[in-house]
Amino acid sequence: MRVAVFRKAHFNAAHRVHNDTWTAAKNEEIFGKCNNVNYHGHNYELIVKVTGEVDPDTGYVIDLGILAGIIKRQVEDRFDHKNLNLDTEEFANTIPSTENFAVVIYNLLRVQLPERLDLQIRLYETPRNFVEYPA
Amino acid sequence: MRVAVFRKAHFNAAHRVHNDTWTAAKNEEIFGKCNNVNYHGHNYELIVKVTGEVDPDTGYVIDLGILAGIIKRQVEDRFDHKNLNLDTEEFANTIPSTENFAVVIYNLLRVQLPERLDLQIRLYETPRNFVEYPA
Amino acid sequence: MRVAVFRKAHFNAAHRVHNDTWTAAKNEEIFGKCNNVNYHGHNYELIVKVTGEVDPDTGYVIDLGILAGIIKRQVEDRFDHKNLNLDTEEFANTIPSTENFAVVIYNLLRVQLPERLDLQIRLYETPRNFVEYPA
Amino acid sequence: MRVAVFRKAHFNAAHRVHNDTWTAAKNEEIFGKCNNVNYHGHNYELIVKVTGEVDPDTGYVIDLGILAGIIKRQVEDRFDHKNLNLDTEEFANTIPSTENFAVVIYNLLRVQLPERLDLQIRLYETPRNFVEYPA
Amino acid sequence: MRVAVFRKAHFNAAHRVHNDTWTAAKNEEIFGKCNNVNYHGHNYELIVKVTGEVDPDTGYVIDLGILAGIIKRQVEDRFDHKNLNLDTEEFANTIPSTENFAVVIYNLLRVQLPERLDLQIRLYETPRNFVEYPA
Amino acid sequence: MRVAVFRKAHFNAAHRVHNDTWTAAKNEEIFGKCNNVNYHGHNYELIVKVTGEVDPDTGYVIDLGILAGIIKRQVEDRFDHKNLNLDTEEFANTIPSTENFAVVIYNLLRVQLPERLDLQIRLYETPRNFVEYPA
């Protein structure tokens, strides 16, 4: 009896989509206003999906309070009210696109979860733009 | 040409997450405030997903009015404004976690749908906590 | 320069709409399924509106972190995962309708706020039913 | 590193669910008020899901500005503020059910996207009724 | 102790914004795509606000079940799945703008409510465009 | 017959809540993580409310397409994907709190609207924190 459970979280951050190996002109051409040198920002909404067998003793796949704590320590405390480009080591050499951000969050959560549980991340950059990983 | 159609429904109920085979202390330790002896409650949001071939005569996988009627009879009439632990036979011997509740709803709907249609349930306990079955 | 600031909070609770001075039959007739003897429950959404002058030193009417703390102590800690009828002194002699609940919450918050600030409460019992106090 | 990216769009249209090969009585019987001879209408919400490898130079699966432009030209400009039955060639011989509409939109977008990208459509006719294609 | 209670309802309809006393060219110039001769449509969301004293016997300003029934008979049964211009007498000589529609709905509800209760209507034509009456 | 019409818009920006006349320590103490020296950011949701008489020729208080154009030129083009502290003259000497931001937006829109129309702004910094001006 495999069930998927979902937990929603929220944080906000500044960023700039920028490729260090390109000229300013090429960054401007490809990334447009998302490349603004002084940064812009978003309210990120995160949905964490964990799939596994239901424990007959608790009726839970995973205690959502425990999952919420992992999300807080691994994601919210690290990225909330931060500048992704300047304040985090995860994006020192990685473009903070929503795609890359979802992969980073996946990896940060994956190591904290037992192997028997599958993990998928949905990350909203805005209510109209969002991504899922793994696809 | 397989298409998935979704129908959203709403009901509310009281419950208590409790394992009868455990001591009060262990229930309190594991389930915390969800174990409150006098119950608490939720506005449940249910999304029913039905997948199948589109009927060329109607353009429908299933008439959503018919599906809404099945959901009303099997789910809303049974659980709306009820205490899951005290008022329903489905949870007489089952912990009313969201995981178990989704499986119960799946089984109640599955028997009312033709075999050619696939079924999946998403159940929101709160806007931040929800489950899907089958995963 | 008077501005209104709003803070949203969330909690859930069980309740039963019941008038102790009426017969069971009259309670059933007037309140219908909301009178279920074993209780039902809701995810309550609360929006607290505080109106006042903007402090030129901070740009704030009130620090929303401070307001969130007041809401947590006065409302969430008191009512979250509780049975309003059985677990709270506020509804020992008051029907826990959404109207009465909004007035109770208003009074609990009013005493914690400076007099120079105006207060209004919006309380959602469900996404389709909600109230405001004062009107 | 395959990631799915999603873009949300909005348009509104009138339609009538009607099978030309049936009598008026049979259309009325099967489709009910959705068959109203003078049409009714909806605010359609469209979510386009595109799945592929992340480009290491941009951090993007696809530039969402480019995807938004494709959706505008292929879907919004064609269907927004239109009568699906009378104003569009796509529904000259096809019943404008949500199922068929999702397939039509899929085909209009599919031809504009590189083959290396997978495509899925979610179309909301109302907040309570929606479909996905492919299932 | 005056409290405002709110009830949300939903229906959909087709319409065309058109002034019969103008030429086709002027209608097109002023109303643009909203003037499409074959109609377009919307999912209307309606929020009905009723303000009054709380009845100490029930804890209610008005029983929301009764209010929902009035909204169903006066608004949903009249306008749901209808063409406002062709199927309703209310818009025989009135342009079905959202502003005029809100006033029409207000008048239809006002006559069904006791004079001691105040009434206000909020009507969403789309999630981004909505009106309130009285202002 | 006065009616209020509302139009919703969206943009995102980076900012830092900071008082230049205070020490770094006092800024940190009062503003906490909102004072992060490298900025953070938000998806701002803006609701513009315009109140006036309905024009009997159009059924409109104001053409919402015209209002949307004013919002785009005065607000979105100015603030979208910008750093409020560094990229805008409006916040050169003003703390970019949500309260001050709402007043700035009000003033930018007020000068573009005829005097016969009243104006009010609601600005969401996050789904849980928002302000209205005038109160």
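Remarks
All chains are identified by letter, namely A, B, C, D, E and F, in their written order; residue positions are counted from 1 within each chain.
By our rule, contacts are C-beta pairs under 8 Å (C-beta built on N, C-alpha and C of every residue); 3 or more make two chains touch, one makes a residue touch a chain.
From a predicted model like this one, the values you see are computed outputs, not experimental measurements.
Minimum number of contact steps separating subunit D from subunit E: 1. Here the repeat of D-E among A-F, C-F or A-B is A-F, since over half of its contact pairs match by residue number.
Put simply, the chain farthest from subunit E by mean CA position is A.
At the interface between subunit A and subunit B, under half of the residue numbers appear on both sides, which makes the contact a different-residue one. Centre-to-centre separation of subunit D and subunit F, using mean CA positions: 33 Å. One simple way to say how far apart two chains are is to compare their mean CA positions; for subunit E and subunit F this gives 29 Å.
The centroid of the Cα atoms in subunit A and the matching centroid in subunit E are 41 Å apart.
Shown for subunit A are the residues in touch with two or more other chains, namely 127-128. Every pair of chains meeting the contact definition is listed here: A-B, A-D, A-F, B-C, B-D, C-E, C-F, D-E, E-F. Considering their complex, residues 17, 19, 30-32, 94-100, 102-103, 127-135 of subunit D touch subunit B. Per the touch definition, subunit E reaches subunit D in the complex via residues 10, 12-15, 33-34, 36, 38-43, 80-83, 86-87, 126-128. Residues of subunit A touching subunit B in their complex: 1-9, 51, 54, 57-61, 63-65, 118.
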